[in-house]
Amino acid sequence: MPSKGKVCLAYSGGLDTSTILKWLLQEGYEVVCFLANVGQEEDWDQVREKANKLGASKMVITDLRREFVEQLCFRAIQCNAIYESRYLLGTSLARPVIARAQMQVAKEEGCQFVSHGCTGKGNDQVRFELAFLTIDPKIKIIAPWRMPEFFERFQGRNDLLDYAAEQGIPVTSTKAKPYSMDDNIAHCSYESGQLEDPSKPPPTDMWTRTDDPMKAPATPQDVTIIFEKGLPVKVISEGKEVTDSLELFIFLNAIGKKHGIGRIDIVENRFVGIKSRGCYDSPAMTILRDAHLDIEGLVMDGKVRSLRDQFVTHSWSEILYNGMYFSPEREFVENSLLFAQRRVNGEVRLRCYRGNCYITGRSSETEKLYSEEESSMDSLVDFSPVDTTGFINIQSIRLKKYGMQKLEEGSGLDKA
Amino acid sequence: MPSKGKVCLAYSGGLDTSTILKWLLQEGYEVVCFLANVGQEEDWDQVREKANKLGASKMVITDLRREFVEQLCFRAIQCNAIYESRYLLGTSLARPVIARAQMQVAKEEGCQFVSHGCTGKGNDQVRFELAFLTIDPKIKIIAPWRMPEFFERFQGRNDLLDYAAEQGIPVTSTKAKPYSMDDNIAHCSYESGQLEDPSKPPPTDMWTRTDDPMKAPATPQDVTIIFEKGLPVKVISEGKEVTDSLELFIFLNAIGKKHGIGRIDIVENRFVGIKSRGCYDSPAMTILRDAHLDIEGLVMDGKVRSLRDQFVTHSWSEILYNGMYFSPEREFVENSLLFAQRRVNGEVRLRCYRGNCYITGRSSETEKLYSEEESSMDSLVDFSPVDTTGFINIQSIRLKKYGMQKLEEGSGLDKA
Amino acid sequence: MPSKGKVCLAYSGGLDTSTILKWLLQEGYEVVCFLANVGQEEDWDQVREKANKLGASKMVITDLRREFVEQLCFRAIQCNAIYESRYLLGTSLARPVIARAQMQVAKEEGCQFVSHGCTGKGNDQVRFELAFLTIDPKIKIIAPWRMPEFFERFQGRNDLLDYAAEQGIPVTSTKAKPYSMDDNIAHCSYESGQLEDPSKPPPTDMWTRTDDPMKAPATPQDVTIIFEKGLPVKVISEGKEVTDSLELFIFLNAIGKKHGIGRIDIVENRFVGIKSRGCYDSPAMTILRDAHLDIEGLVMDGKVRSLRDQFVTHSWSEILYNGMYFSPEREFVENSLLFAQRRVNGEVRLRCYRGNCYITGRSSETEKLYSEEESSMDSLVDFSPVDTTGFINIQSIRLKKYGMQKLEEGSGLDKA
Amino acid sequence: MPSKGKVCLAYSGGLDTSTILKWLLQEGYEVVCFLANVGQEEDWDQVREKANKLGASKMVITDLRREFVEQLCFRAIQCNAIYESRYLLGTSLARPVIARAQMQVAKEEGCQFVSHGCTGKGNDQVRFELAFLTIDPKIKIIAPWRMPEFFERFQGRNDLLDYAAEQGIPVTSTKAKPYSMDDNIAHCSYESGQLEDPSKPPPTDMWTRTDDPMKAPATPQDVTIIFEKGLPVKVISEGKEVTDSLELFIFLNAIGKKHGIGRIDIVENRFVGIKSRGCYDSPAMTILRDAHLDIEGLVMDGKVRSLRDQFVTHSWSEILYNGMYFSPEREFVENSLLFAQRRVNGEVRLRCYRGNCYITGRSSETEKLYSEEESSMDSLVDFSPVDTTGFINIQSIRLKKYGMQKLEEGSGLDKA
């Protein structure tokens, strides 16, 4: 049988993508496997060995941790990115770097196709495929879990196990995990399986990137984070000082893990219109976001902050969640974002303790928007209180008319 | 000397407003004192006695706790209101009910003037006065701290103390407090004085509405909150069940206090364009906001949520912070807000523990937007995975063009 | 062959839907035809006859003009709705009333299916089907132009003509029209065919709802429009006074037609991500929108207007364009919209002349936000100019800091 | 009397600023006069002579037309800037360049003060002074019309005329103009006086920058405008081709004047909360805005356009109107704006005729977002209609739930 062409498959070594790998080979494709290292726990050698054993022409593993942290996680921090007021976007942030690297491999290896093991109801298929198609509009995508010939054949875990047995795919456990996980340096996500009942708490032993806040140390840990242009450039804690971006992110992950910082359990709205329950633990991201919000309080203009919050933070978060990192609208909002960060310079001190990081102070050597003198209610240096009378009177011109309308309507505003 | 007219003065019993009371009397006004009970700690009888002793014609104390909680705090909860991503608006929420009640007293007592002791650089003068002027566009305002004849005479605490000694104003302490506080049932705020240095942590004994999280009980406390139309209608914890709105708010305050929930320390942007540092502890508001956000995840449409977050939450919070509660724009956004809450029905379970409240589950008997079946990655009931292919392809039409532009520009998206 | 079920088909009498009707019958469905009267030019009897002749069980024609005008067009006017700054949404506004009426017929006639002749690349398929599925989530849709068995069989006009000849479908013209039109009382749209080249002007004889402005009367026509709560309730011109909503809309259409008002020629962004060129003539809508914008200037609070423009007008227009009339987000924004219109009462006078309607004056007997006295630069009644000094000084606090930053950065703002 | 210091006065040669000049001198200031040439009609020599005659130390006249057009008017065009849906901001755009040049003169001449003749209720005082204070936070401002010693002395035109007679100020007319005008190359504005009655049309002979559309040529004039990065770089009409930015702006003004394009008559909301009636004629700006909107339709991504409209266009227009050109928020939004214009390249053809400019075609040699093939309803090249089914089905998931809620509530969406 002549080859149908070459496929670059996102391969994790698990039962699903091993099945897809084997199935693609049987369908007549040549397969190059790709695995991104975005900081997840993984036995890399074992994955490589398994891919080769199953028949992959090649297994490419790429360390993307630095570009993930610097280009995506740090941008999210500059943006105070958050989805639906709670989710720090850990998975959404990883997808663009993974998709881009997979497309690079596809190009280098001369693949006409890319493939992945995402299911048909999730966000990730959208994120990966929009990235693939934007990076190379001519790439062809094989999404087995949306192809009837595949999903009708493999209708449950047992079908996969039978196929594995038949095809000699090594299987570590015949029992399904009680939920699925997606781990990277920004967070670990947990969903599906027993988590699908949103009224039940997750199992206490589920969390991997944070220790139980109830078992966290009784002694708090103080941390200082220094920002330049909205980017963390130094982290100091317990005598240790880290300046490399990847290292400081890992350092903050370790601190946050120990003190149980960054767990959430939410029901969110997927891009495809389905609600789903997800749990996420994101220690470094949580600490960095809190610190960044705080330094902005000290050094960012209030009106810029308000506009940025309403437009950039909201839009950027939604754009990322919906898988549109590679889009003109993301570039569009980022241009303003970066301007807003030019003067976000200073340091924030936090105290990490049992699930929380409390801000204990902030300062900036270069930025002067805050002034104790000016802030002080007692000082009248450079401030004429009479001005405020004019300020209020002018503001009231419009409002008084509203008051008169209400009186006229008989719904006087003086009634509770 | 004939009376210059009748003034309704917001009187707290403290040194500032006692000075103003005496000064107004000396200036030839008749003064009716007014004090709102919005849940603050206060020795009401002592305030009453002091006002009378100093020469007030009348001292009116009004219990506004219920209307404060029901009309303002609960609306803020429905709105997930938050200013600059952190401040739950405790002071801003109290101002409208206080101003309204003061204007009612002014009307009943036939006052032509209202007066207050707010300083000239703060937000509160704006909030009070815009409310006064909107409620009754003809009211006249006496703001001594913005009148040169007053602020030039009383340039520091010593001037006030001298005047007090001279006028027989009882003074409890001759030492200034190291910071100023504003307490109500929603929160206590702390600012000024030693807090003006934002790089220093606040004193550990400062907080009044929350116990120290580090000294909070080692045993967590589980709480269930039931919402109807976005309003908390029942709180259950440790065998106690409370349904009255004021009572349940007080109950949550007690729980939050005990577990150290709701402290923040921020630098914020005042409406008058000055940055200031404020600390706030808001136990019930923090718990209720977390719970409300969570139930919305389960029962609110995702698109409505996104629009509400960007427009209503953002605008309402800014409107309240800036003292424009009595405004057409507040009514404008609230009309949509209330629609969005019609189906926010369900219960949320939380675990309060050392500074945090962790969501442990949520459910709704009436709302069906979440479906386990639908959410499940494994189930294909009522879902055709092939549809997602179309969904992605259509979304990609526009994005592919962007990809082609980038290729053309030589800034291919495949480069990191 | 037993019936596959009953279909309610949107039937226009044209070649496309006649082919679909016949094809559905051949496929084994029973077909009830439905045609909405939304004000288009049509030979209703001929359509009815043709449907019956071709085998429809029934042909239902419903006059929806009044609900279309009152519920959709007038809401758009209250909203100043506009898509991409230019398109008044004529087609988008008609779709919800048509879809709703079709679903009513489907229900009354016991149809399990609804069908339409929209093509696979346009907006209308989306608008109709989202409406169908929202109104009755269980309805089944037959969209022949997206079914391979249909679109592969009928690949061009010749295939349709051959089938018509074979099946005895009466055909009025064997030549394709040079562009397609969609007519209703709000506008007529023109697209496709020769209009697909956006660099060429449309044929001069294309427009049906407006006469050529160059041939319009040399004498202008004055019109007065009276609004209550943002709704036009009376139109007066040349001695004629019309108060019925449908009648006044028709009256304004006639005036606008005569004076050539409301033509646009644009390239727009379809919901499916494709750009397309469309021409539209919307006389009454254009006049009403101009007048409504103007009366709002006189009577609406400025801050409400700003929020409404940014939030409601933008969102509502996009929601309608994208076919989401039946959605919680449309209801959500409309709640605020209606509040904003409560006091939009007054009259506007316009002069219609060769393609334009010029505002010549406006007044309101009930609304008092505008005051000549107050507006006058010369009068200081109720206005203290000193207040403005305070207003400016307070606004400058924040801006001066920006100026100092710029100086510090060496990019002084005094340089051009 | 020793000099109180040196003032740079914005001097127009009119009665108001001549009075201010004389009064400042009498008050003991040295005065340098400044007049900006922003394209208004003016007898420059006469103004210079008058200033010198009245005692100014110096009269500086600066030609700012090019920087006004290139830096402000063109930015407004890139932005599609519009205030309250109608006003093209002609006056607001001129203020920043005038204020900046005045501050340069003040600096060069060693002035400690700047002064102007704006009244206390208008927008211009705010615009000028915020600009002054931001450019140099230490500058001192003398605003006579807000100083009681000035405005109480000069309470009407007669007081000014008396003072002029007394002081030997040459007066051209003793009769007040029936309205005030502000002319520059972008527009002429008309307000106050008899225009204060918004129900009356302005006098027909008022307009200066546009001829009466009713008397405009019966023959239309075709114009082609070429854009690069959203900026007009060439205008062609009737055999004339202009590429210089100032020249092409003047050319478009001439064309627009002749064909009566760009008149509006509105009631607007001033920043100080007062409604006022203004008339404006802006020929070149109107033509350029229409053309720019049109080319964007052809070449700008739809999602970017939507975000830009809601965020940048709205905010930028309000920022400019409110006099905050020199502000971090203006820079903030402009960063995204400029990104959005990078690919706004192409040409637009318009037909100017009696008050209107009709778009007759547009094209772009470099931009490819529009494709006739793709746009065509008939072509299925590179488009699978089946995809749209998936697109619709996925969108409907969320909406169906809303439909079910409505059914449940008994308010079925099938009812009109």
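To keep things simple, chains are lettered A, B, C and D as they appear, and every chain counts its residues starting from 1.
The criterion applied here is as follows: a residue touches a chain if its C-beta (ideal position, glycine included) is under 8 Å from a C-beta of that chain, and two chains touch if they have at least 3 such contacts.
These are the chains along with the protein names UniProt gives them: A, B, C, D = Argininosuccinate synthase.
Bear in mind that the values here come from a model prediction, so they are computed numbers and not experimental data.
Touch-path distance (fewest steps) from chain B to chain D is 1. Listed by label, the chains touching chain A and chain B alike are C, D. One finds 40 Å separating the Cα centroids of chain A and chain C.
Centroid to centroid, with C-alpha atoms defining each point, chain A and chain D lie 42 Å apart.
The geometric centre of chain C is 30 Å away from that of chain D, both derived from CA atoms.
Chain B has residues 272-274, 301-303, 311, 327-328, 369, 374, 386, 388-389, 391, 394-398, 401-402, 404 in contact with two or more other chains. Against chain A, the residues of chain C that register as touching in their complex are 301-303, 343, 368-369, 374, 384, 386-391, 393-395, 397-398, 401-402, 404-405. Every residue of chain A that touches chain B in the complex is listed here, in rising order: 67, 71, 80, 84-86, 97, 100-101, 103-104, 107, 119-122, 125-126, 129-130, 133-137, 143, 145-146, 148, 151, 156, 180, 191-192, 196-201, 213-214, 220, 263-269, 272-277, 293-294, 297-298, 301-302, 305-306, 309-311, 314, 318, 324, 326-328, 349, 353-356, 358-363, 369-372, 374-378, 380, 383, 385-386, 388-389, 391-392, 395-396, 399-404, 412-414, 416. Contacts from chain D toward chain A in the complex involve residues 272-274, 301, 303-304, 307-308, 310-311, 315, 327-329, 331-333, 335-336, 338-340, 394-398.
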